[in-house]
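Got some structures for you, see below.
Shared chain: chain A. Partners: chain B in the first complex, chain C in the second.
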Partner chain A sequence: MNFNDLKINFIRFILSILIIFFLLLSFGINPLDVTNALFIGSFGSFEKIIRTILVWVPISMASIALIYTFSSGMWNIGIEGQIIMGAIGATIIARSFLGDTFISPYIQLFMALAFGGFWGLICAILKVKGGVHEIFSGLGLDFVASGIAIYLIIGPWKRKGIASTSGTEIFHENSWIPTVGNLDFPIFLLIVIILVYVFTFYLLSHTSFGLRLKATGINFFATNKFNFSSERYIIFSFIIAGALAGIAGFSQVSGSYHKLVPTISGGFGFLSILLVLICSRNIFLTFIISFLFAALIVGGSQLQIKLDLDHSLVGIIQASFVLSWLILQRVNLEKKILNIFSKVFTK
Partner chain B sequence: MKIELKNISKSFGSLKANKEISISISGGIHALLGENGAGKSTLVKIISGQLNPDKGSILISDKKINLGSPKIAINNGIGMLNQNPLDFANLSVLESFLVGNTQNSFMSNNHKTKEEILHLFDNYNIEIDLNEKISSFSIGQRQQIELLRLLYNGVKIIILDEPTSAFSLEQKKMIFDTLKKLTKEDITIIFVSHKLDEVFEICDSGTVLKSGRVVYSMHKPFDSDSIFAKMFDDTRTKNKITNKEKRSDKFKLFIDELDKTKQETFSNESLIDFGTVVGIAGLQGSMNDKLVNNFFSRDFSKTGIFFDNGDYIDKEKLYYMPADRLERGLFEDLTLKEHFALSYSNRSKYLNWNDIEIYGEKKIQEYDIKATITQKVDQLSGGNQQRLMLSLLPESPGVLLLEQPTRGLDFNSANKMWDIILHRKKNDIAIIFSSTDLEEIWDYSDIIISVSGNTIVNIESKQNLNKENLARYVSGILD
Partner chain C sequence: MITIENSLITVIALSTPLIIAVLGETISEKSGVINLSAEGTIMICALFAFVFGYLTDIAIVGLIAGMILGSIIAAFLSLCDIKLRMDQIAVGFVLTILCSRLSSYLGQDYVRISGPTLNKMPIPLLSDIPFLGNILFNHSLITYISISLIPLTWLLLNKTTFGLSLRAVGENPNAAKSRGIDVQKIRFIGTLIGGALLGLSGAAFSLYAKYGWSEGHTANYGWIVLAIVIFGGWNPFRAAMGAYAFGLLQVLAIKAQSVTLALSQVLPLLPFPLMIFILIFIQYINRKDSSSVPLIIKSLIGGNQPESLGKKLPKEL
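Now for the complex of A and B:
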């Protein structure tokens, strides 16, 4: 991303926020109050920052996952299912004999990678070998994964004496994702996500693998001329995306909830699709915008307490942000503003 | 229908594609001539509303029209037939007519419309099943369908962007007759071409573009010498085939259907010298391109290329170049640099962008590609795209499989292409190419495979063949 893109994205960001402000005003809500409440709700204290990070990690992870599949030209609607399967994979370890050992979280991570990756692979195989469109198989697999999770929760993994959808037994503390300090700062998750960011950036911009992935997404039929097969790269992209989504599930189950619940994905998969639409495969932007979305979600709880506003306002803000962004992208107003600025400054 | 262009200018970054172009056409067939990259495509895109010019205006019947919207252009009666078919490949012929229909309302009478369309096709002697999907037709047929669709929608100004490169001789004659008939009905035709014989045959007036400028305006009768002088810098000389030095290595071609045809001189066991150029001649829509593709896909039940000891030539040694550049050959949203990186990437998993840039710049020079390394390939002219594809093939000796390597290229670009191909030939195992241009086949091939429709009619060394017979073979008259 060059400096000019950065400026354009920045102006677009400000404009999107302004549009949301106007929207809030039209609801009769003071946008500054909302901003204040959201800010305090997400960054007001160290605990709140930690909660924001715990939401940011899975959203971020799912968004990066989608960057891979978008690169190869695939709509990975199955991301929700991949998150759920990752969570199930992690839960299997947490509930096994390894559950009370200190290596549990690390093995959970690998199980989550494997389960999520496998769920992605199914989608890819159906696409490549069966000619099933990835949107349909993805959606179907989402339902299947969700069904498996519910079955496990009210069936084999039900709590003693009760069969409810409120989740499994809380994991043994050794199965929780390692943290530091008495406020449980999720250091391990942070290391993982930063590594994933760095790795992805390097892979997509500095290796032939990344370039081939991108080429596959642009022209499926031209790749054999360059001695590689589109099908293989589609499969790769789904495996990687599924595996990363699996980590998001792991983060949810062993970092946030410490148990498996039916809504373990938290809708973060679908949210990430919106997010990646905005960021159009730009990793830096993904980093920032996903953080913003996480802050919105966490801060949203304050809206109710402080301003007596419904939590669903957060959804409205998110959706309007995405919509404004996409429209602005199309209208290209930022370039004009930038031109005016440069004229003023040169004078 | 009168159309006037006034001071049209358009730039892409630093590239000035059109500079202050003014043309006035009062009717008839107007030729737009120029080498590849002269700015013809940009200009017709502006006229048809696909591009918005930086400057300038267009007047139709002395009325200024809005620019930059295909819809407005269509409403003003401007229709365009693109170089590459721009249609709905997944719709049936009938559906594609209905979809673009401007006259019929929502509740169109399917039956009546169908009759009308059938009548139209009848008028132009085209036999086509209207329920057949567009994607199942050849490029030539698709272009014809498109042209008829435009007529059906009542256009008044038709732009033909190098249309005949995809037409067979017969189809071409038919289209030309149609075009002449149309001018009598006050329809203006802008005919973009670089085939001068065609221009002389049907055009009434013309404009020559060069480097984005109008350099010459002309009216019938045309003076071919001055047009040449304006269009090309250098004189019209064809590359001479360099005397081939005998190479001792041999290969064999296996073609399943060959044994079914009566072959006297050639069989699947015939040994062919390394460095031989095999031309596959056929009219547009015949299987000549498919045959090239078959060699690449290595479906051994149908075709194969192998060494004289019987070993198949490795897949890595087959270098394939498809006819439709942007559909199957290149990645339109990638830059030249990224393309070079893809072809370079077989050497290393890690991309060293500095090395790739040096490598790419070298290739750009060597293959005379007029573009900067950071440009996206869809901004390149046809000739440059074609040379880029050639430059992306591995350097090590192999079998070049080229589908219509000079399709849509002007004389100079085609010549340049063959210069490069013939230069490679010294080291390569073989060059197998298809073409609908019999002159090209005759000029460059050592062995000629003649194809008519879906059958291989003949395979012969050039010295045992004469041009007339070749023409007969491909048109299916002699077998």
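Now for the complex of A and C:
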């Protein structure tokens, strides 16, 4: 990203925030109060920072997953399902005989990778072999995955005596994602996510794989001129995306809830679709915006306590932020503002 | 006998909003626009219809308010699509999230209060027919609207000049343009009608099929609508059948609750795998020599996907 892009992104960011401020004012809410409450709610104490990280990891992971499918020009709406399948994969290990051994989380990680990747692969095969639009198959697979999760929770994995949709039995503590310190700092998750960031950055910008992936997204039909098949790269992108989304599910199930619940994805899949819409392939921007969104979610609880505002306000802020960003990007207002600025300063 | 009769009445009542939404989405998709905002549009229109109905105490006002809001959202989506040339799927998706969150936020004061509902309006004479009369002609205004919309949509799409232009735009915008059709205008109107019907469907939820308002009142119905449109192969009659089948599925799920909890939770999700199978089948027919597939199966499961569905308009249009 060059300096000019950075300036434009910065102006766009400020303008989007301004639009949200106006929106909040029109609801009769003081935007500064909201900002303050959100900031205190997400970074106010060490515990809150840990909670923010626990939310940030799955969102961030799902967003990186979407960068792959976005690069190959695909809409991976099936990401919610891939997260759920990852969570189911992890739960299988946590409930098995391995559940009380210390290697459990690491095996869970691989199961989550495999399950999520498999769910992504189905979507890819439907697209490439079946010609099914990936939006519809993704949407369908989301609901199939959530159906499987609900079935498992109230069927085979129900708690003793009661069959309810409130979730499975809490995992054995050895199956929880390893943490350090009294406050359970999720060190293992942080290592994994940083590795994923570095790996993705390297793969997309320094290898021919990344180049071919992007070429597939830019022109599906031109790629055979360069002797590689677009279809294969679409399949690759979906497998990688599914696997990474699976890790997000693993983080949710073994890092946050410590049990499988029907709403295990927490809507993070759809949220990361919003995210990738504004970040597209930009990994640094993904890092920043996903952190911002995670902070918004965790800080949202403070809105209720401090200002008596409903938690859903956070969703409104996120969605209108993305919508204004997309429209501004299209209208190109930033460039005009930048031009005016440069004129003023050169005078 | 009475239980079957009651179940069928429930099926028709439950399917009312779905049918309207499915028809709207069909019209929209025929013009080449996947209105992915369906989920959010239905939800926020349900809230608005309820609020307007509550404030004025007239249910019809609610219906109209729902329709107007639905068209406004569709107009916004369409302007982003036609004028700004943004990706319709991206905008639709963001709108879904925005509208459903907005509905949770704005609807807080209206959760579980009673408001006006659409009363039953038995049609004289016809409703006296034994069995059938009670099932078909003893409903509210909105159900009659939904039933009459099925042939009306078919007529609009297949027997009018507007419908022809709409389908032409959905299939091949360039060719439509060269036939002198104002592509942007037709696509806009198609999306608008679709949005208005989605709004009406939301209103039908909160004023009739699922009285009142609560957070996430119509959750997942918008996605189901997208599935049923494909199940219907972009044909209004088949889409309506799909909606009724889904209504039946819901009633079965309620009945199954007493037997097994798992089944009742999983049954309503059945349309989604079905949607995928239908799509695979449609593509299979389109690719292979279609004469090898029996006509009956083709007309039951096949479909005619609009060629430019979900794609941006070409630059020069």
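Simple rule for what comes next: the second predicted complex is superposed on the first by the 342 of 347 C-alpha atoms of A that agree within 3 Å, B and C clash if a C-alpha of one lies under 4 Å from a C-alpha of the other, contacts with A are read in each partner's own complex, and residues count from 1 in each chain.
Note that a residue touches a chain if its C-beta (ideal position, glycine included) is under 8 Å from a C-beta of that chain, and two chains touch if they have at least 3 such contacts.
Being a predicted model, the structure only gives us computed values, none of them experimental.
After overlaying the two complexes on the shared chain, residue contacts for A:Phe143 are found with chain C alone; chain B is out of touch.
In the overlay built on the shared chain, the residue A:Arg212 is in contact with chain B alone; chain C does not reach it.
Of the two partner chains, chain C is the only one that A:Gly155 touches; chain B does not reach it. In the overlay built on the shared chain, the residue A:Ser166 is in contact with neither chain B nor chain C.
More residues of chain A are touched by C (comparison of chain B with chain C).
Of the two partner chains, chain C is the only one touched by A:Ser320; chain B is not. Within the superposed three-chain model, A:Ser312 lies in touch with chain C and out of touch with chain B [touch as defined at top]. By the touch criterion stated above, A:Ala222 is placed in contact with chain B alone, chain C being left untouched.
Taken together, the two structures place no residue of chain A in contact with chain B in one case and with chain C in the other. Considering their complex, residues 205-209, 211-212, 214-215, 218-219, 221-222, 224-227 of chain A touch chain B. Touching chain C in their complex are the following residues of chain A: 75, 77, 126, 130-133, 135-137, 139-144, 146-147, 150-151, 154-155, 163, 165, 270-271, 273-274, 277, 310, 312-316, 318-320, 322-323, 326-327, 330-331. By the touch criterion given at the top, residues 316, 320-322, 326-334, 338, 341-343, 345-346, 348-351, 353, 389, 392 of chain B touch chain A in their complex.
Residues 34, 36, 80, 84-86, 89-91, 93-95, 97-98, 100-102, 104-105, 108, 215, 220, 223, 226-227, 230, 261-262, 265-266, 269, 272-273, 275-276, 279-280, 283-284, 286-287, 309-310 of chain C are the ones that touch chain A when the two sit in their complex.
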